[in-house]
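Notes for the one structure printed next.
In this document, chain identifiers A, B, C and D correspond to the written order of the chains, with residue numbering beginning at 1 in each.
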C-alpha cells in the first residue's frame, strides 16, 4: 500500500487568495493512501523543502503530491528534494493549482473545488507511479563528419579545437567540396581558394583530425554516444603514404582524354590524376574506368616513372570500422541536372552553361586559365545572358525542377555579372530575374552596385526560348516592365541551376535513421530552435544537406553543429530520460506497428525464446525499445494494437486513474 | 425528485511542450476561463489513446479537448500528425455513437498562445454547455 | 500486329499521299492498319474548356471502336493524334467529364481510357523498332533532313508523352534509320502559325518563315513533318526547300522514288 | 449579389480549370509566346487580369484571336499555370455571345486556296466560332 504525502502551497497569496488551502488539506487527507496532508506559505522555499524531506523520512512516504505552481516551474526542485530524502524522484507528482487554477478563476468556492479535483488526480496518478532510474550511456569521445566540403571541414576543425578526435569521410579523392570549385566569393570578392585551402591544410595537419578521402560510409549501427560505422576506403591504386604528390605520373600517363570533373567536363585530365593543385591529401589517384593497365593489363607507365614506388595496381577497397559518439552529416549539394530544360538549348549548345561552369571559366586555375572564353569556339563572348531560377521555384506538378528557392543564385549571378563587366567592360551583360533576393549582410548593397555602377542590364522577366543558330544563341525573353518581348543575340548563356542535396544523401539518411523532407534535405529536430540537430539523437547537420545556404551561413551552421557535438562528447556519460516506452513482451504480437510510427527508430525487433504455458519453448518476434534513443513521445503506445507498449511516467493506467479522478 | 443542475465537466489533454505551457501562460496573464476544464498533462498529443477519451465519456465527462503543438512544430516532429489522423477517425465514430461532434475537439495551441488557450476553453465550454449533460456513453455503475 | 487506324479527314483529301505512304510502309514493316468504320472529323483542335463535350465525341467514338476491337488506335496526323490523345487522357483522368460523355453516348459500354493510343512514329519506335525498319531500307537517303515537330505532337508534354517536348528525337531517329542526316535546329518544336493562317495569313507567314529559315540555316535540304497544316503553312509561306510528310520520306527509302504519285 | 465581372471571372476559372493564383509573375509564358508581337495583351497579362478581375479589356481585345494554342506557355510555365487555357476561356466568353463569331462563312472564299487542308478550316472554326 502506498503511503502518500500531500503538500499544499499557498504561494504567498497567489494560491491562497483564491483557493481555500485548508479546505483542500481536509479534502485530500481523506483520499485513500494519503497519510499526511499539510499546507505551507512557500513550499519551494528552503524551509518548505525541509518540511517535505522530514515528512518523507518520518512518515515513510512512498510518494508525494505537491499542489503548487506548474510542474514546468518547480518539478525539478521537488524531485531533488525527494531524492535528498531518499525517495525516488519519479515518485513525485505536481498538481498545478496556480497557473491552471488560482490564476484563472475568481470564485473562491469553485476554485477550491477544482484544486481538490486536481489534487485527487495527482494522488491517483502517484499511487500508480513506479520508481524509475535514469539510464546512463557511455560516450565514445570521437566524432565522425560525413562530407569534406567547407561545412565538414569547419565542423571538424571546431570539434578538434575543443580537443576531441574527429574523422572526416569524403567520397572524392580530395576534400574541399563545391567551394574549391568557386572563383570568387560574394559579397567581398575574396578568392575562394585563398580562404578555403588554408583550412584544408589546417584540417590535414591537425593531429586530432583524420581524413578518409575517396571513401564512403557503408554501414552505421548503434545510437547516440555509441555509433559503430563501417567506412569503405576505395582503392586509389596509389599508396597514400608513399605518394609525394609530385605529379610526374599525371603528366606522363598516356590516357589524356578523360573529362575533367573538377572543371565540369570543360577540359580533360589523365587517367592518373590529382584533382587540383591544392588537393588534400595531395595524392594521385588512378581512374580505373580509363587506366589501360587496370583495364587490359597493358601500360604500367606510371609505375615505372614513380620515384617513390607508390603505384599499386593490386590495391583493393578497404573496410574500416570505427566507433563514434556523434555523427555530423555535411554532405552538401550539387546543381540539378538540366536535361529537362532544353527550351534553353542546354543540351544542344556548349555555350549554354551552368553557373558552376561559369565559375570555372572565370577561375585562373580553370580550363581557360581565367580568360573568359566560351566553350564552343574559345572566343570572347560579347553578349552574355544570365537566366535566374532555372529549376528553382517550380511547382511540383510541373515535374521539372524544385519547389524551393535555391537561395544563392541571385548573389552569385550578381557576382558573375560584376566580375564580367569589371574584366571585360566591352561585354553586354543581361540578367533575367523573377525577383532579386538579397537578404544577407551587405548583399543588397552589392547587388545595387552591380546594377548601378557596373552597367549590368537587370531585366524583370524570364527567358522563354533559346535557339542555337550558327554560333549565336537567339534568346527570346519577356521584359515585363517594358511590356516587350526581347530578342537578344547572345554569345554565352549562363543558367542559374537550382541546387539539390547530393545524391548520396538519401541512402546515408537511411543508414543514419535520420529523417528527410520531400526534397531529400535532412530535417532538423526543430525548425526554429534546434536547427543543427537531426531528430535522431547524436546526428547533427551542417551545411547544405539541411537546406540551401551560402558560405557564411554554412560556416555558422558548421560551428553550431560542432558546439552541439562538443557538448555531447564532453560528457562521460549521458543521462537518459527514464520516461520512455517499454514493451510487454508477453502481449507483443510482433506486428511492427510501433517500429513504423517511431520517429526515432528506437524500436527494433528481436527473436526471443519464451516458455509457453505448456512448458514448451517458442521463439517469438517481439519489440524492444532502446531507452537511449527513445524520447518518450508515446506514439507507439497508442499505435500498438495489443497494448503491449506503455510509457514510463505516463502509463495507460496512470492516465486512466487521472481521468477517473477528474470525472468522479 | 429534484435533479441537481450539473455543471458540464470537461477533460483536457495538453501536450507538455506546447499546449500545457500555453495553458500556463494563460495563467501567467491571468486570463479567466471557466473552471469546468481540468487538464491532464501528456508528453505529446500522440500519447492520447482513444480509450482515454472513451473512458472520460464513460465516467461522465461532457466534453473532451485535446491540445497539441501546431502541425510542423511538434517537439517529437510528427506526433501531432498521428493525433490529427487518429482523432479524425475517433470523432467520426463518436458522432456515429451519438456523441455530438461539438463535445470533442482538437486544437493546436503553442506555448505562446495563452490567449488562444483561454479562448478555446471559453468557446468549447460554451458549446458543451449548450448541449447539456452527456448521457450517451456514461456508465452509472462507475459512480459511487 | 494489328491496329485500328484513324486517318482523319485531311488524309482522305488534301494529304492523300501522307495516308497512302503510311499504309504502304505498314505493309512492308508487317503491321496491319484497319481503318475505323465511319470515322468522324476529330475537330482539328482540342478545346480546353471544361464544359465542352460535343467537340470531343468523335474522338471518343474512335477510341471506343478500338476498345471494341480490342486493338490499339494509331494515327499519323499530329492534329488527330493530339485531339484523340487529349480526349483519352480526359476520359481516363477527369471523372466528371467522362461521366458526361458516357451519359451522352449511353450505349451501355462506358469508356474510361482503356484504348492504347499511338502515333505512327511511336509504333515505329516502340513496337516495330527502328532496327527492324532499318532492315527494310532499300534506298538509303543521302540528305540533310530537318525534322519539324510543331506543337501538336509534343504538347502538352504531360499528356502526349511522345518524347521530350523540348528536345524530341523520335523523327531524328527515323531519319537516321532511313540513312539520312538529321539536322537539329532551334525552331523544330515551335508553332508554324497553325489555324491562324485562315484569319491572319500575315502572322502565320511570319511564324512559318522563322521555322524554315531556322531549318535552312542549320543545313536542312528538306523538312519532314507529321502534320498537314504544318506542311501547308511552310509551303505556302515560301519555304524554298521541299516539305514532306515523314511517311513520304519513309516510302522513298523503303519503296523508292517510283512510289511518288 | 455578385457583379457581372465576378461572374465572368468565375466562369473563366471554371472553364479553364486554371488556378491563376499559382502565377509567380515570372513572365516565362510571354517570353516564350510566338504570338507576342501580334498581341496587345500578353499571356502573363491574361493570367494577371483574370486574377484581378479586370477582364473587360481582354474581352474587347483582338489578342484573343492571336493565340496559336501552341501550348508552349503551358509546357514551360514553372508553376503549372497553363495560360493558353485562360486565353481560350476568355475567348469563349466572347464568341459564345450571339453574333460574336470571329469567323463567318462569308469570310472563307477570300482566304481559301486549293491546297488549304480541311484541318485548317475546321480548327479555325472550332477556335473562332460557336
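As a working rule, a contact is a pair of C-beta atoms (placed from the backbone, for glycine too) under 8 Å apart; a residue touches a chain by one contact, two chains touch by 3 or more.
Please read all numbers here as calculations on a predicted model, not as lab measurements.
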Pair of chains joined by more contacts [C-beta pairs], C-D or A-D: C-D
Distance between chain centroids, defined by C-alpha means - chain B, chain C (Å): 63
Between chain D and chain A, distance of the C-alpha-averaged centres to the nearest whole Å: 48
Where chain C and chain D are represented by their mean Cα positions, the distance between them in whole Å: 24
Distance between chain centroids, defined by C-alpha means - chain A, chain B (Å): 35
Contacts with two or more other chains, residues of chain C listed in rising order: 158, 166, 190
Residue numbers of chain B (touch at least two other chains): none
Multi-partner residues of chain A (each touching 2 or more other chains): 343, 465
Set of all touching chain pairs, with the criterion as stated earlier: A-B, A-C, A-D, C-D
Residues of chain D that touch chain A when the two form their complex: 22, 24-33, 36-37, 42, 44, 72, 76-80
Chain A contact footprint on chain B (complex, rising order): 9, 11, 20-21, 23-28, 30-33, 35, 38-44, 46-52, 55-56, 59-61, 72-73, 75-79, 82, 86, 118, 142, 144
Chain C contact footprint on chain D (complex, rising order): 14-17, 34-35, 38, 65-66, 68-72, 74-75, 84-85, 88-89, 92, 102-103, 107-108, 111, 113, 115-124, 126-128
List of chain A residues in touch with chain B within their complex: 70-72, 96, 98-101, 103-107, 110-111, 113-114, 117-118, 121, 515, 523, 525-527, 535, 579, 597, 599, 631-635, 637-639, 647, 649-650, 652, 655-656, 658-660, 662-664
List of chain A residues in touch with chain D within their complex: 343, 389, 393-395, 397-398, 401, 434, 460-465, 476-478, 480, 483, 485
